[in-house]
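Structures follow.
Both of the next two complexes hold chain A, though its partner changes from chain B to chain C.
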Partner chain A sequence: MTNPDMVNGPGQAGLPPVKGGMPGLGPSRWRRRAKSVGGVAVSLVLTLLGLLLVTFIIGRVMPIDPVLKVVGERATQAQYDAAYQAMGLDRPLWDQFLRYMAEVLRGDFGRSISTGHPVVEDLKRVFPATFELALLGTLIGVFVGVPLGVIAAAQRGGWIDQIARVVALVGYSMPIFWLGLMGLLLFYGILGWVGGPGRQGIIFDGFVPTVTGMILVDSLIARDWAAFRDAFSHIILPASLLGYFSLAYISRMTRSFMLEQLSAEYITTARVKGLSEWRVIWGHAFRNIFVPLITVIALSFGSLLEGSVLTEIVFSWPGIGQYITKALLAGDMNAVLGGTVLIGTCFVALNLISDILYRVLDPRAK
Partner chain B sequence: MKHLSLRAILLATAVSMAPAAYAETPADTLVVAAQIDDIISLDPAQSFEFSGTDVDNNLYDRLVDFDPMDMAAGFKPSLAEGWEVSEDGKTITMTLRDGVKFHSGNPVRAEDAAWSLQRAVKLNKSPAFILNQFGFTPENVDQMVSFDGNKLILKLDQPYAQSFVLNCLASNVASVVDKETVMGHVEGEDFGNAWLSTNEAGSGPYTLGTWRPNEAVQFVAYEDYWQGAPAMKRVIVRHVQESSAQRLLLEQGDIDVARNLTPTDVDGISGNDKLVIGTEPRGRIMYMGLSQKDPLLSKPEVVEAMKYLVDYKGIEDSFLKGQFKTHQNFLPEGYLGASDENPWTYDIEKAKKILTDAGITSGTVKTAVRDIREYVDVAQTLQASMAQVGLTLEIQQMTGAQVLDAYRARQVPIFIGEWGPDYADPNTNASTFAYNPNNADDAKLSYLAWRNSWAVPEDMNKATVAATIEGNTEKRVQMYLDIQKEYREIAPIVPLFQRIEQAGIQKNVKNWVAGGAVSSVFYRQVTKE
Partner chain C sequence: MTDLTTRAWLLSDAPQTRRQARLGAFYQGWLTFKANRLAMFGLVILILLLLMAAFAPWIAPQNPVAQNLAERLKPPSSAHWLGTDSLGRDILSRLIHGSRVTLFIVGTVALIAPVIGLFVGTVAGFAGGWVDQVLMRITDIFLAFPKLILALAFVAALGPGIGNAVLALAITSWPPYARLARAETLTIRNADYIAAARLQGAGPLRLLIGHIWPLCISSLIVRVALDMAGIILSAAGLGFLGLGAQPPMPEWGAMISDGRTYILDFWWVAAMPGMAIFIVSLAFNLLGDGLRDVLDPKGAKE
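And now, the complex of A and B:
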């Protein structure tokens, strides 16, 4: 999971290592790039295929009967059998999987039995909600967590370091459910600073035309400032909460990366040369932790994209975490598989983006 | 760059920190918070979940219907303005009301009513059995249900009690759908089921704005509704899972009604002078099913003793406070023939005596309980009182789907859960608690008596069937009282409590009706002051 080279893994078996080529030679560089793109595509397909297969098998051996969700507890045996056959559950497992794959290739992820809607339609609705929340949460985590980690490392043992430690510890150990409810009680119930549970205030519900599905973005597109303000007042609390948790992780990781750099010899050299402490830290040491830091941030963002079920429940946030959990409990495999493919694709894409970022940020990786 | 963004975020946070002014909800809009994640379809021929029928009840009209302002009066003429029963009691001819229009503008005709019933029977989804009780099958329904001009003609296989038939016609599955509109969306043999699952074609007081699963349902008032346009022009039902979140929204004035408050949260808002608590007995019965397959539980003395091991009063006054009341009969209050006799009390000594007289001093039962707080709590108090008479109860918590799976396979020794009536007639509960035509394992029936492996005595089976045919309503009531009397003495499926719905409501909202024991929620009579 933590290996950023994962995307280059399965698809490129047998190829020479990327770094092995002669730099600067035009044609070979292009070929390498083409191979790398092809490799990424192949690995993407293989990863998703593997993911689907494993999820499918787990879903089918799970002791949850999807037919019951469809027919309910009153159904007669005949109705049950009819639904069982209509869902294709009487066929062998491999046959079911092939049929499913054939439909997926046609872009049809089927209909969810727990919502009655086509899975693609459901995902278009729930994923932007989670994406918006996760993005804002990660931004908060990065812009607070990274500086906090750097300063904590620079003043190791100082009061900022102690505070950072406590902040991180609380972030790791507090149940998000409780923290969410307390946050709502304080900032919504008592102070009235933020909006309540849900993505929007009731009067704005359904008034901003859906373009991206992210209400903040959509209200900006529609230039509806009141709706934007309302959506922001609803998202800020859950986003801060998620941001806090990713902050806890990011600041601890930043701190340990920085400590490693600060004890390196080139830092001593820089100090001996009389550079200011500010330049030593931000200009030298910090630049060198970009690559591992990006991995940490990408992973943290990825885990938020899966949806934080508890946060979504507390804040009535109709995101993908709740969607998949509910589907799983109902044995609604179309929805689970569709959601898995989407999240799998996100992880692959995040790996790819961080891979590209390494090359941009670290000259040695070019 | 970094500093700039940090500043941007701080700025943005400061903007949001300005206290937002929270006015009450708009005067012509009703906002409800509820748990609505159980909706899987809006098609009345398929929808059978609580929240799904809550939605359909406001989108569609039925031939006969309940009056939300007078639920006790029972069914009244709705799309059918009157009806006649033939002399042999086997044909009912209903006259359709003139001038009623569907949301599409199409007139409501007898043809639509006939097609709606035929459609429900042919689709054969779970609620179809409600109509099939009259002898309808997918093969014969075209002959049994027909129309002639503005008359709908129903032929029945037995001279059923008029109240039985009309109570069933008041249920969601008998909603009248717009044939012309639905026909335009038929896919293969589905009678428009896929389309109607997420759309509507009704004539009810509201049209469907949007339904976003697990998120919200929005209704828009139908201005041409034949009983007058509803006062609330918009109704928004939002899915809010947590009781505490519903309470916060209510206290802030962001919603008008909160439907899933726990006893703690109801207590919490009871002192708030802007809110009132609405209390309505609903049809759901919490019961304890003792499987007659279990060697211990199949002893009549154990069944008798178990009835004295439930701490009815203690439970009612503590963790079920205000939301359930003791009710030891299978017909809930609000139903024809309901009985209010509750003979059992919590009496350890009596239970112990019954058991020791029968020579039973120890025993162990292992059971599965659905992971819902109320059920687990009831199971645990039962566990404690059973321990006092030497019986050990081992409880395993499972998800709803897992427990249901085991229950359908007759493998739950002590089932603790709820039963909700399917339609407004007493037969809905009598035919499941007190009726089991075949107790064999391979019969695979869905009656509660079958699931608890209880071979209902032949005379009780017969009485249950006979009660659906008795034309005299007074006699019919007496028949149900008699069945329940015998049932209390012998049955191993023990009704314990009846559900009471407590809703937190803004004081300015009037006429909130969740549907009583026999129906679902109504929005058309709601007003705001």
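And now, the complex of A and C:
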């Protein structure tokens, strides 16, 4: 958990606020909020700087000689020296870091050695594929995981609760790439229900005009139903796989949030008033777990962006995970670092968004 | 008879010596743990795994790296219980020897990461002020990175290999321990007994090592036990990508990667090592849950 405060937020929901202020809340509310917004901004900038610093250090300690990669093995000493200076490697480290930072801020990650394109262009091309996959996975995780967690909490100890427990335990213990292979074997190899590896069948490849880069969306825009069906048959298996891991986490968290709410006094009150169990659970308790749930969903989306690395390898999915791994095996450091910075930035952004939503949506934070 | 008295001695309400009290507390923890059947199941599997790793050369029916191309890709049979891989090597033997690799990776990471975390977290919490600010900022930066991606980047920079994989996993998994240790330290720091020790003249180093570390350790152990499965999965992931143990070392993740090419026709090559990873990480998860109930009753309510 990146931020424990966020998860522990709605502790005593339903209890009236204590008059006279709670202990430990010193300065006025206004100043506290201004301070916390300032703090978020400062920590955001520092984190991003640190991200760049770490990738810079990784790029510098690598044993591969970047100059040799450019000039080739048979270059003369003079050619080597010229390239060495052109790449700025003779300058002091802090100077190199400032240059690196300036380049990244301009959106320049250098040129990928393996594809020959600027890294930014490559990333623009591969990121939508990963985004589409992770988004669909998260949607599956939310629409299955949340109801599962709520029902498991409402019927604690019942058979649905037991199933939810097993589902989560298996999800936490299963190597995702292995499950992907077994899924391919069963649903593609034996049953033939889904499309094979890749994003599209060979006849649809490059047919749909690129608008967003997400083929499902693009084929809808182009009203190309056959292409949509084909893309769907390819994405459904990897997305369900990621969705399963996402729902293992989301259902566990939903369950524990719900249990906390259901033991609160306002629930007893609602029951005493004679409300139906359905309204107590979905109308009262569930509405109060909305805010922490958003944090959980954002975190889970972030971890799917990461988890997609292995999944993309298994399914030959041309996304950022496959891009980074291929670059890695080719010793293409610019591409690896560019991809790492992009995913790290997504993580930071997701944390920030969930933090802001938390402040906006939770009336007690105002 | 002696059994009964030993038990009574252990469960005594009025222990005579410090040793008796300590052993008694340990015994009660064991009783709680033993009552949890799933956790016991996890423990048994892990003990079996340890034995398997220790006696691998004697248990394994064949040499894990001996190639026999005439016998390649044979399905499970009486000669090869789990079949053979693309070089005709016996998969069961490779799995048995692979348990050593897995235990080595998990054990080393689980030793390095919490120690770094304990050190950073307690120093930050105990020193406070700018030291705390700087250390926690560094921790946040590492937390902002997705773990696997950062480990990938590190291995890319250091070069693939089992030692570097361990290093990369340790570097990426210490921050949560630092957070945990810092939180514990903050609650302990102002306790009366720390003040008492300070009045007796204990310096900061003695307070840190003698009084604060011992109290942080039990929650760290629970966290480590719960994280073990994740470490196994990450290590297997690195192996699958070809960045962990290098061939011909029988690493489970790399074995799955070998079987990937043949998945549609020779399913057992990839299926068997995956089952092994699943069983071991499941066992670690069950054990972790049980340990949490014993060592950290507060957290068990979840």
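In the analysis below, the second predicted complex is superposed on the first by the 260 of 366 C-alpha atoms of A that agree within 3 Å, B and C clash if a C-alpha of one lies under 4 Å from a C-alpha of the other, contacts with A are read in each partner's own complex, and residues count from 1 in each chain.
The rule we apply is simple: a residue touches a chain if its C-beta (ideal position, glycine included) is under 8 Å from a C-beta of that chain, and two chains touch if they have at least 3 such contacts.
Note that the structure is predicted; figures quoted are calculated from it, not measured.
Of the two partner chains placed by the overlay, only chain B lies in contact with A:P318; chain C stays clear of it. By the document's definition of touching, of the two partners only chain B reaches A:I202; chain C does not.
When the two complexes are overlaid on their common chain A, residue A:D122 makes contact with chain B while staying clear of chain C.
Of the two partner chains placed by superposition, chain B and chain C are both touched by A:G189. Once chain A of one complex is fitted onto chain A of the other, the partner contacts of A:T47 are limited to chain C, with no touch recorded for chain B.
Applying the stated contact rule after C-alpha superposition, one finds that A:L181 touches each of chain B and chain C.
Once chain A of one complex is fitted onto chain A of the other, the partner contacts of A:L329 extend to both chain B and chain C.
Looking at the shared chain after the overlay, A:S114 reaches chain B, while chain C stays out of its contact range. In the superposition on chain A, contact of A:L304 is made with neither chain B nor chain C. Shared interface residues of chain A (contacting chain B in one complex, chain C in the other): 63, 181, 184-185, 188-189, 313-314, 329, 331.
For chain A in complex with chain B, the residues that touch the partner chain are 63-65, 68-77, 79, 82, 111-117, 122, 125, 139-140, 143-144, 146-147, 181, 184-185, 188-189, 191-198, 201-203, 205-206, 229-230, 232-233, 236, 313-316, 318, 322-323, 326, 329-331. Residue ranges of chain C in contact with chain A, taken from their complex: 137-138, 140-150, 152-159, 179, 183, 229-230, 233, 236-237, 240-243, 253, 256, 259-260, 263-264, 267, 270-271, 273-274, 277-278, 281-282, 284-286, 302. Chain B meets chain A in the complex at residues 2, 5-6, 9, 12-13, 15-20, 22, 25-26, 29, 31, 37, 39-42, 48-49, 124-129, 194, 197-198, 209-210, 212-216, 218, 236, 238-242, 244-245, 248-249, 251-252, 254-255, 399, 401-402, 404-405, 407-408, 422, 444-446. Listing the residues of chain A that touch chain C in their complex gives 2, 4, 43, 46-47, 50-51, 53-55, 58-59, 61-63, 169-170, 172-179, 181-182, 184-185, 188-189, 256, 302-303, 305-307, 309-310, 313-314, 324-325, 328-329, 331, 333, 336-337, 339-340, 343-344, 347-348, 351.
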